[in-house]
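Sending over a structure as structure tokens; questions will come in a sec.
Chain nomenclature is as follows: A, B and C, assigned in order of appearance, with residue numbering initiated at 1 for each chain independently.
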Amino acid sequence: MEQIKLSNEVSISRLVHGVWRMTEWNMQPKDTVQLVEQCLELGIDTFDHADIYGDYQCEKMFGKAMELAPELNDKIKIVTKCGIQLVSQKRPKNYIKHYDTSFEHIVWSAENSLKMLKRSNVDVLLIHRPDPYINPEEVAKAFNKLKEEGKVKAFGVSNFLPAQFKALQAHLDFPLVTNQIEVSVAAHQEFENGNIDFCQENGLRPMAWSPLAGGAIFTAQTHRFITLKNVLHRISDHMGVPIDQVMYAWLLQHPVGLIPVVGSGKIKRIKSAVAALDVKLSRQQWFDIWVASRGEGVA
Amino acid sequence: MEQIKLSNEVSISRLVHGVWRMTEWNMQPKDTVQLVEQCLELGIDTFDHADIYGDYQCEKMFGKAMELAPELNDKIKIVTKCGIQLVSQKRPKNYIKHYDTSFEHIVWSAENSLKMLKRSNVDVLLIHRPDPYINPEEVAKAFNKLKEEGKVKAFGVSNFLPAQFKALQAHLDFPLVTNQIEVSVAAHQEFENGNIDFCQENGLRPMAWSPLAGGAIFTAQTHRFITLKNVLHRISDHMGVPIDQVMYAWLLQHPVGLIPVVGSGKIKRIKSAVAALDVKLSRQQWFDIWVASRGEGVA
Amino acid sequence: MEQIKLSNEVSISRLVHGVWRMTEWNMQPKDTVQLVEQCLELGIDTFDHADIYGDYQCEKMFGKAMELAPELNDKIKIVTKCGIQLVSQKRPKNYIKHYDTSFEHIVWSAENSLKMLKRSNVDVLLIHRPDPYINPEEVAKAFNKLKEEGKVKAFGVSNFLPAQFKALQAHLDFPLVTNQIEVSVAAHQEFENGNIDFCQENGLRPMAWSPLAGGAIFTAQTHRFITLKNVLHRISDHMGVPIDQVMYAWLLQHPVGLIPVVGSGKIKRIKSAVAALDVKLSRQQWFDIWVASRGEGVA
């Protein structure tokens, strides 16, 4: 599988595995080790975390598994995130969900992620959400410290708009390497809020979270989603490939070079995502989905 | 009439003639020749085309006329466009209206325009609509080839937002020379989406399509358009000039330097547009129209 | 009180006094002198005007007071504005409220402000509103003339969006020093339209007008404002400081460095604003207000 060079220090696989829902997968540590090994065999060497996933438990679960097979730590790359403060028994001081991008919290959170993950470093640390109370100079100071100490190799953001990206970038000595945004056949807002354009302007590779729309297309009963589902089924039938591969292919072949975060604990589903790398939609098929997704034809 | 320098290679007249509706004008080739000659006498030497106008027929009709008077080809400038794929008997492979800004399509479409127009080059080629599936590197490759081969002198876009403009510009070795946008007393969105600001920031001269709002003001029955029509009539009466000249003057005197595309086949209407170059609205008259158009006073 | 350096020529106090409603304060010139002296004692040395405040009367009233104590003129800094043309008995030629950012009007208006204020210069001149009919080159010419003649030390804007700011800045030889925008616990749009981000990107210090929301929170009966008022009261009670200080603190401690324009004629209220410089909200308190203001939790 292709490696995507995000910076001189960091390359990640064309598909990334996401552990967002790991706590729902009922896995023992040895099962997680097996999943990681199977991903590696497929060429997926990058795992997407966040401090808050699984109510602050996913990094810890993953780290416990890695203790069983510590040699894997040198073969995998880790993306993790910080900046959201949940109301949680794990964070008893929090009485309102908020963001914290202070120097102290970023450093503490990154170091805590290393502790949970049982690693000496992570490859990429993302600010999870744009913080209306952000102090870009403080974030820069925290990033510099973590980089100098070898704890984080590269930095990025998630769910930022271009103006927010530029405000932070202006205070950094090195380029942010990605913006992890929500993109799927059901979520086209990033094409319209300037983020995809901004990535293309600046040669930035976005990651795509919820690339299958969390299954919403298959359960929702709106006119838009029913139409979209029908178009996807038609293309799936026509090409003889499963519908999830059509959805991944729609993302994978976009020229901006979206890196989907595959959020499944089932190796069968992950293999299907990998197979989607070989599915090529025609331009008209791509637009057929685009038009159904937006609910109106192109102008 | 003033010439507007778009680049070192291309200047166009302050008013441009647009053939969008040419197929509705019931003109014989000799009539078209006469119209072109009359435009040239008025100083209008630039003609705005697109591959798709008249269901892919306008360029061909225009080219046939030019065969009757080939010497005119050296006196006129041509703007044309590419990138929209219509569902049309002329394009039997298209089953859904879509955009195509691939290297292959841009080159093929531009070369086909030359064939239809019976010309060896056009002055400006525009990407007709922002393409959500654009690959700016491919567009750059196509533009470079067409420029090097002398087939297109300069390039621009149409209906792009600033973020889309910047994404494409970042991949080009030469500046895009214009953005052809919809602006009229009835269509003020470009003042509010950042496009006029962006043109002023970058010294870019926008072209204005549908500068008379396609007559909508005179047929629509909305409160906003009735109010706007009344304001236009009041100013028209006060100044003793026809209402279309008030509408053109409102565009022509804006400091951004809008270049209206005059889309009429009737020389009388074209002469009226030219006469509007001498109409000067006061600042309060300009705002009177602005306020009526937006339906609310300034803050 | 801290001085904020806006340019090599101009520094202003961390809090600015605003005379917007001066005509409602029923002050004699000697009362105004006293208010200015009391502000200076508190460290507030900057007074925010506009040509139009009080239907073109505030500058004049202020100037008359300063004639009683001309020595104060060297101790205070003046921000004033131009560019709005009101329908007013004072401006009999105006039949529609409009903007005028022509060379002639900017120069005339600034010189007229000096005449009204009985001063030889002002520290900062702002374009009061973004003008859809702006000619940035003309504005630049006017700014250059006023600067060269020593009549205005620095220039800025008010209520501009980033695209509008950049369009003007591109034509100036010196940086605009501020954007005076509406920000308060009840007016969070500037966090969402890119302006706060743009200021952080460019190290620009915004001024905040209507920092107490003009009292709207205390009179309006909307669900959002009732919720917001309750949160403010809760925090006020918890911290043992008046509610207006909570509202000022929310602005003052934001990392972008907002400079509130304190628009009261009562020294007691002004002193309370100054006291807010010592109030420190926790990050969760800041978000508690943010969430109540927006009517939804953070994502």
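Note that a residue touches a chain if its C-beta (ideal position, glycine included) is under 8 Å from a C-beta of that chain, and two chains touch if they have at least 3 such contacts.
Everything quoted here is computed from the prediction, not taken from an experiment.
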Same or different residue numbers at the chain B/chain C copy interface, by half rule: different
Angle, in degrees to the nearest 5, of the Cα rotation that carries chain A onto chain C: 120
Rounded Å distance, chain B centre to chain C centre (Cα mean): 42
Residues of chain C touching at least two other chains: none
Contacting residues of chain C [partner chain A, same complex]: 162, 188, 191, 194, 196-198, 200-202, 254-255, 283-284, 286-288, 290-291, 297-299
Of all residues in chain B, those that touch chain A in their complex: 84, 94-100, 102, 129, 132-138, 159, 161, 163-164, 166-167, 169-171
